[in-house]
């Protein structure tokens, strides 16, 4: 399952993307030189520190943030050969929702409080699938049913604030899946869901992926979900992708110190409850003073002068496993240091 | 409805085309803009000019004024006065029909006149104790308690005029006014849409008195089949409507616009000396109780400025100390002219000093509802200030103004514009309590005027009284003003006497 | 919901009671009874007093009030001194023109204000916004009578496109009716349009950046639908209030316009009855307008619940 | 972080806070233009009369209704008074009365509206009273108040405030009804914020933008309304100038002397425009989304 | 046993279900979001509440802080019934009871800067002067892993995890006695999550802090909670000390839940134990809440609702089958 045919077409290619917010004094590089490509039918996972730019990057693919804040882009995002960043905004609506759809991280704020769930779901169906109202309604019920919402008939008549957090999230998911997009951007889609429902959702995504060849950009903190779902994983830290590998490879031999730190922090069912959970020491530097060299240098136990001064190149450790670090070779020493 | 009033722009539309009678080349309907909804069409009870103007077309009195202000028979045929001057025997014209088809007889006249005597405040005041009686079907008598020279003038008075109604109406009418409008006049009442218009139609059976049309007398032809008096309260709207031809005539157009209107070829303007702007001082209470201070007030006034500011166009005002129309041969007088238009602030200051005036507040009450009164008050205030008075204007809506004006405790001065009266006794300044003036000199003076043996004596007596008013500083005329009525220039045979008279008027297409 | 409507309608009873006291008090306080106007300028104080006494205006407050209330409860709202007709009839006759005028003005208002308000909000900070705001400020700041006179002079006197003044009832044909209403409706509508434009703009601005707008865009909804469907409905409560208010305001706010354009509506009725102290008419009209207001606001309040389900007026 | 540095951090934050505030004010062009424009008008109204010898009430009847010239830059009115100086003097009355009315009705209306949105019983009572009050014509109220309390300039302020307050209340209530159902209000409740605090800190900011619009509307309306009420004796006695009575007086001579309306009209419009820019600016100042937007411009 | 800090007794909350005509008519039936829930939280204890999405966890939590008015039941905090308190009497308790919202972003005033948002509770409870307050704000910001740079940001300029941390910081800053944590760490990456969990536990030791910890992440709940309650369709189906629960799972739902807990290191398809749809608990609903999906359901389960009974010491379960087991 993880061996997506390498020869399949590249659907989305992000090249050297930088997304800069207008800060108070300077530009804030929320995304700082990201290269990422997603093939048709590939499920790409993104993990990373909170605030590392995952949501911004993914929303940039649909150019959603520029309606709200002052944003500057650099680089390019090629989707089906077109550079999205160069398209006129007006033509974005043909891509959005139809070819690329997105599940937002915060479901309540993302649902329109004055329309019923059914109304909001039908809207997208009627828009892109040219369905009649009745058809759209039926399809909505079907979709909600797939996400495991109890009594979807009632749900479509409810308003978002009448739903529980998990239900809201499932509505978002159903809405994003409605048009069977070529690319699904799922920004922490299962945070509010319990394991059983989560399972159901992940299955649903996999099924669509298999059936329609839908590509997925899956952003999550839930490493187990990631392990289960994704073909390959990108690890982001402070606006950059620091490691990239096939899922099994990444979990088996994480190369970047940050990745390793991350994997060690998970509370498992066998973690000793009396002991403190391991953490990566230090705090993420704010976007106002991003380190010059390796972005992780402020927290890295292995960091030396070079790390602080020079940005590390992306190195291919094994085929398909890339890491952006000066020290990836010193695996043994690092392991000691982290533990 | 009023919507059909033919403005020139829509004369082609169907609804207005029907209003034109193609045979004679004159309009079938005259649209006449009046300033307010008439309170009633019962001329007995209301002294409203608008009511009288409209009612004049429907009803007729026994006598009316001709253009020279002489009482002239209308429904009366002739009259005789007994030697002692107490009994008037009046013969009625025969064959006059009311609009309901009944013939007018002495019973109708007696009933109407008796009611008029009872309910009309003017008649009430001047003819108190008089009695009308029927002699035969076409003859009545009027018996007055004292012989006075002005009985016929009162009978012919244009405001609250003594209209003749059918007996049944006159006798059954409540004091609130009649509800059935039946008279003998050239027009019949047709429709009254409250707040919008009063519509009159030609009385086909009308029998006109003979003679050249003059004032309210002479031949009346009802030349235009329909008269529509449209209530247009706003000045600017009347002006605009006249310019567009929406209205054939408009009353009470601000004199300020004379020049502008005169330039417009489609309009013609009728003017008439119509009244005087008067200043009344509170002689009974407050600071102005002091005659010296009142004199100081008179000394400070510059009537030219006052009139210029309140009337606007200089063609429309004249300066004259008399309380009557200058052309009124009998009563116009310049007694007291040394007190008039003194424009002498220094003298005023000196008088004030003498009187020991201590900057007490002097209140001028006024109302913005009458622009000329309001403006004049402001100028007077400014002139008084220049002369060292502490003058303050209190401005109220009309009703409140009337309340303050009537209570000597609440004002020191006020200005009103008063239409010309015909007799000194009718002057409000002589009415006790009008502005608080109630001195023996005044009542003596009135007695002298009414009881005077000859017209000259009466004039003389009035001269003295007018002089007294100035000397006492009770009131002052500020100036005289004219009114204008603007009509389309296509209107013929229109007369602007006391009110605009339209019964002979036509407008050619 | 039905119980809420019922409650609101029941709450009319105390409202009317309170309003009747207030309005009666106000009318009682205003100096001068109807006599001064009935008798005219030359009347003496004695005459005025006598007539006022006769008409019952010198009786104690409570007696007068009781009398009036009893009559009103019996369905007799009194008789106008001025028009010599029952107050209810007078109101009935004057209501139609005002209503027509208000509806026309409201239509005019809405045609201009909502689109421009939305546009200004959507393009805030740009020239379009600045121009819209400035123009609407002119609309707000220009005194009604000046605007009316200007329109009258321009379209009536100079261009002769429309009649300068007057009123044609609906029975005289709809076209005619409209011709007469057009200018007054515009002059009445301009200030309201300006107001609603500004209101629309500001309430739209508040929802421009909501998360669900982002979602709508992400769904591929066209900008126009984003604006009209997703933003507008969220901004609607304030806009609806403004519209309700402007409509209510049109009912009473017609004094200047009706006088200038000579439309025999409620505005004219109320002004002449105040001027002439036609007390029963004043009281009747105010009470009537209160009723209209309460109803308009009831409708507005009910629509809140329809446009924004979070607002539940009926909820305890 | 070491304890020694806490005060340092504190100072840094304070400094930054000040900086941000200043920056936000200065980069806010609407706020600045509106503010400066308004101040300019106020200054003109205060200063020019102080240094001018022209008496606003001095009549020169022979020069009545003269068109604008160097001598009378706004022309003269129907009493030959200099319009320019009258407009300046009028600013004092009009700005005072209108601002007072706008501010008072905004304050009272906001209090009523916010409370009504929060407490169902109050809602029924207050809003019905408001419905009733709106129905009473302002001039009727003014005449009655004047009869009851005499003709001081407060009467006009009170009458107009009564007239305009209900509409503010309704508006505020509408906005507040939406806001109070939001989660962040719930969060504040959980934190133990008193109702008053919730009303002031959370609900109020969200009603500010309609409030500002309405206040400037009221401001403009009361300029004219003041004049009509003053004519009825409820306000500033003649001959004192106010923008309202200057405009009102221009009505009778409009076609003959249009300048009597044009100049004061322009000033009123400018003034209202400035206020609106000020209001818009204030709104933007309080809207976090706008701050980011503006900065880059 | 000590007296519990918070005791919920028989809590019920219904929401109306309307017929096809909408709200014009009376509700057709009701949805029982919380149906007779009872639980106890002791001082310094962390009570984990887990359960399927939509089972009424948030509703329970929100009832405690009076955001939801329950239809029935008692919520005793230190012996006094919160539901009977007037707003004024409740006010002083606010300092003790705080909540971390599930949807953090919408629980932040969008018009306030982060600094102000965090300062707000301090001002409300009149804690410290301006300097002191700012110091505390900075302190808590660092604790949740945000730097002072964020002091002047607005909530919408933060990432999802940052907002969530802000929510936690806001609840912690006034040092309450009990925090209702509704999915407090769901949007956090594992490192920050660990950091926050550590902070919470250390604070718990430092101050007398109790937590009602609502989460889906069994790993997290297990780590932090002393006792765990498992909720299903508005009622507790099982409640036990953490170790006991994991060692001795009784209720079939809990079993299913634990069975599906993933482990990333075993990147294989997990067994989905729980099949079938979650029903809606309307007024007409009868029997054991879980019977529609329970593989062991008997006739009795379909008609009779089992009570929550103590089966082993400190281990309660509501299941007809377990009763037998317990007795045996």
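Lettered A, B, C, D and E in written order, each chain numbered from 1.
Throughout what follows, contacts are C-beta pairs under 8 Å (C-beta built on N, C-alpha and C of every residue); 3 or more make two chains touch, one makes a residue touch a chain.
Source: prediction; values computed, not measured.
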Chain hops separating chain C from chain B, counting only touching neighbours: 1
Smallest number of contact steps required from chain A to reach chain B: 2
Inter-centroid spacing, chain E versus chain C (mean Cα positions, whole Å): 52
Chain centre separation (chain B, chain E; CA means) in Å: 89
Centre-of-Cα separation between chain D and chain A, whole angstrom: 50
Per-residue overlap in chain A, given as positions that touch at least 2 other chains: 21, 24, 68-69, 106, 108-109, 161
Touching two or more other chains - residue numbers and ranges from chain E: 103, 105-106, 142, 152, 156-157
Multi-chain contact residues (two or more partners), chain B: 236, 397, 400
Chain D residues touching chain C - in the complex, by the definition given at the top: 120, 124, 127-129, 131-137, 139-141, 143-145, 147-148, 167, 170-171, 173-175, 177-178, 181, 206, 209-210, 212-214, 216-217, 220-221, 223-224, 247-248, 250-251, 254-255, 261, 265, 268-269, 271-273, 276-277, 280, 283, 287, 289-290, 293-294, 297
Contact footprint of chain B on chain D as seen in their complex: 57-59, 61-62, 64, 78-80, 139, 143, 146-147, 151, 230-233, 237-239, 251-256
List of chain B residues in touch with chain C within their complex: 1-5, 7-10, 15, 37, 39-40, 46-48, 121, 176-177, 179, 193-196, 230-234, 236-237, 240-241, 243-244, 246, 369, 397-400, 402-403, 406-407, 416, 418, 428, 431, 433-434
Chain D contact footprint on chain C (complex, rising order): 7, 11, 14-15, 18-19, 22-23, 25-27, 29-31, 124-125, 133-134, 137-138, 140-146, 149, 153, 191, 195, 198-199, 201-203, 205-206, 208-209, 237-238, 240-242, 244-245, 248-249, 252, 255, 270-271, 274, 282, 286-287, 289-290, 292-294, 297, 304, 308, 310-311, 315-316
Complex interface listing, chain B residues touching chain D: 235-236, 239, 254, 256-257, 259-260, 304-305, 308-309, 312, 368, 371, 375, 377-379, 381-382, 385, 392-397, 400
